[in-house]
Amino acid sequence: MLDRLRSAPPLVGCITNSVVTNFTANVLLALGAAPAMVDIIGEAGPFAATADGQLINVGTPTPEQRGASMDAAVAARRAGTPWVLDPVAVGTLVQRTALAHRLIAQRPTAVRGNASEIIALAGSGTGGRGVESADDVESALDAARSLAERFGPVVAVSGPVDAIVSSDRVVRVGGGSAMLTRVTGGGCALGAVLAAFLAAGRAVGVDALEAVAAAHVVYSAAAEIAERSSSGPGSFQPAFLDALASVDGAELERIPLS
Amino acid sequence: MLDRLRSAPPLVGCITNSVVTNFTANVLLALGAAPAMVDIIGEAGPFAATADGQLINVGTPTPEQRGASMDAAVAARRAGTPWVLDPVAVGTLVQRTALAHRLIAQRPTAVRGNASEIIALAGSGTGGRGVESADDVESALDAARSLAERFGPVVAVSGPVDAIVSSDRVVRVGGGSAMLTRVTGGGCALGAVLAAFLAAGRAVGVDALEAVAAAHVVYSAAAEIAERSSSGPGSFQPAFLDALASVDGAELERIPLS
Amino acid sequence: MLDRLRSAPPLVGCITNSVVTNFTANVLLALGAAPAMVDIIGEAGPFAATADGQLINVGTPTPEQRGASMDAAVAARRAGTPWVLDPVAVGTLVQRTALAHRLIAQRPTAVRGNASEIIALAGSGTGGRGVESADDVESALDAARSLAERFGPVVAVSGPVDAIVSSDRVVRVGGGSAMLTRVTGGGCALGAVLAAFLAAGRAVGVDALEAVAAAHVVYSAAAEIAERSSSGPGSFQPAFLDALASVDGAELERIPLS
């Protein structure tokens, strides 16, 4: 899938929060995908219908973005564009929580969040206090499975060991680096990478759960490489982008997968 | 305070301009704090009431941000959340100038700006031409003291030597690096660091003026370390984030303080 | 012009897309210019009238930015502020395409885009699929010349070899680095550099076509230096900013110009 992605760059539409737009676009470019941040009413819907993949992240949901997000979700569902919902900090914050519930009803191909976000979205908790998780990955598995059964095929729960969950399977991806939690957008950009891999996976006949797992493996491998060649959260960021551009099959093999 | 901040990360709500959201979040994460950019109407107020500290920066004040900023300022004042006002480029630009005057009436715990901004906010000048200061720090001391007497305890004036001013004290912090003026957000992110230190200071019983001074010392020490290990404004930025994550007590001792 | 720019930093107003605001400001700061991102209704117009140069980029055109963009274009034209239009991804996306047509009627000093954008803006094509070009530079020369004749003096078409076109001249600038296409904002920040050079060029009596060509030469030289000292798209970015700050006349001489 990574070879396919690099040789035939999928066009990935992104509606994401203002904090991470730049890093998200750079992550997709480093990986080999073609990002386009189209997030206004009147453009987001038509673009999502023709893109190869779409990310909708609710991190800073202005009224304009809320409208554009719904348009994009509806258009992606109708056109069959694989799309990813990232329910950043849902729980007690009212606008994004209401929006995330409306969006998930449009049946995303994958949902990606930390444990607290997945639990809150499933209706069994109130979320973390800020954007960080107050729960661990394993405690979110029931919530993830419930979301997968009700709304869509795949739910990915990010943490020290990520869990990718469908109604009847769980794949765990280890490795990676805690440095990703010291760089803003470490999780948000992963959502965009999921959209890119869902597009590449579809092109080569891989199902959604395996495409999402592959995205996590690539992300974890790049993070490990970057941690080894950096000396803090600042130098980690360029090293991570370099690693996404150069990571190869041998390095992917080293990521624990179960 | 830095040890406290790293061991018990304060949750810092940020409403800031679109140019520096990413860098500001990364500065807070590198320092050890937990940033959350919650800047829309309906969420910003409730979030500011429960955050440990709050930044309100008026750098790109869309109507949505103006509403969210007022909600957050009112909520922070009522809840007792320490908060920082950064009056970016106030003076001749009408929307942000009117907004900054409404915000300061909600009595921020600290105001941070360059000399021209502080003079303009105090009503004794028209501000700089763009976002840079046309005045020097010492010429802004009367304006800073006037603001401190009328609206809140602490006003910080940034420059080659920073002045932190209350109604009856002035602390000067030297050191640092001119490279901070070659990186966008060098000043804006300092405002967020003030909010983090006001939160940490409160937790260990340090008053606002000393917490603000401590924030400046940490920022200046990290900038000096970064300048030594970088070769221009590009490499300075990751080096600065690395330094914020690793700076220690011995390095803080070297910053001139009077 | 570069010496002039560094010794008397032009104040460059920017209205640009949310993905690249940070990188654009850092590029201008590294170069030696003074950026100010003033992009709201009520401020953008007055600011454009007093700035030394202005960029208007339609990459993420919210309603607020659309209004601010028109205000800034009208004010820049009336005040004689040199300004640059960057028609990001115009063609099939309706809001930005309509906006770009309204903006170009205000006679920008320069238009900068990739081949597909220039062709679409001239009315002879539908643009690329995302933000990348589906056409090559030479195939856009007629469209560029047509725009230059109808609306303004200079149209710059970016690609492996850039073409800077007026009604009766074409200057080609080679060199540079493909890494600029792996960093988001590689093209968008060039638009801001054009605005800075148009301001510096005016101050030393250089015409618009030569100022735009000079901007491309500096950008290409810095990109070449950065590529030599980096190992991927992540490390390229800080190296590029460092190179913009240090590039000298001898390095500019090496860029192919015809």
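Every chain is named by a letter (A, B and C) in the order it is written, and numbering of its residues begins at 1.
We take it that a contact is a pair of C-beta atoms (placed from the backbone, for glycine too) under 8 Å apart; a residue touches a chain by one contact, two chains touch by 3 or more.
Predicted, not measured: the structure shown is a model, and the values here were computed from it.
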Graph class of chain-chain contacts, one of line, ring, star, complete, other: complete
Interface residue overlap between copies chain A and chain C, same or different (over half shared): different
Between chain C and chain A, distance of the C-alpha-averaged centres to the nearest whole Å: 32
Contacts with two or more other chains, residues of chain B listed in rising order: 18, 22, 62, 237-238
Contact set on chain A toward chain B in their complex: 17-20, 22-23, 59-63, 89, 92-96, 129-132, 181-185, 230-235, 237-238
Of chain A, residues touching chain C in the complex: 11, 18, 21-22, 25-26, 29-30, 34-40, 42-43, 46-47, 50-51, 62, 64, 237-246
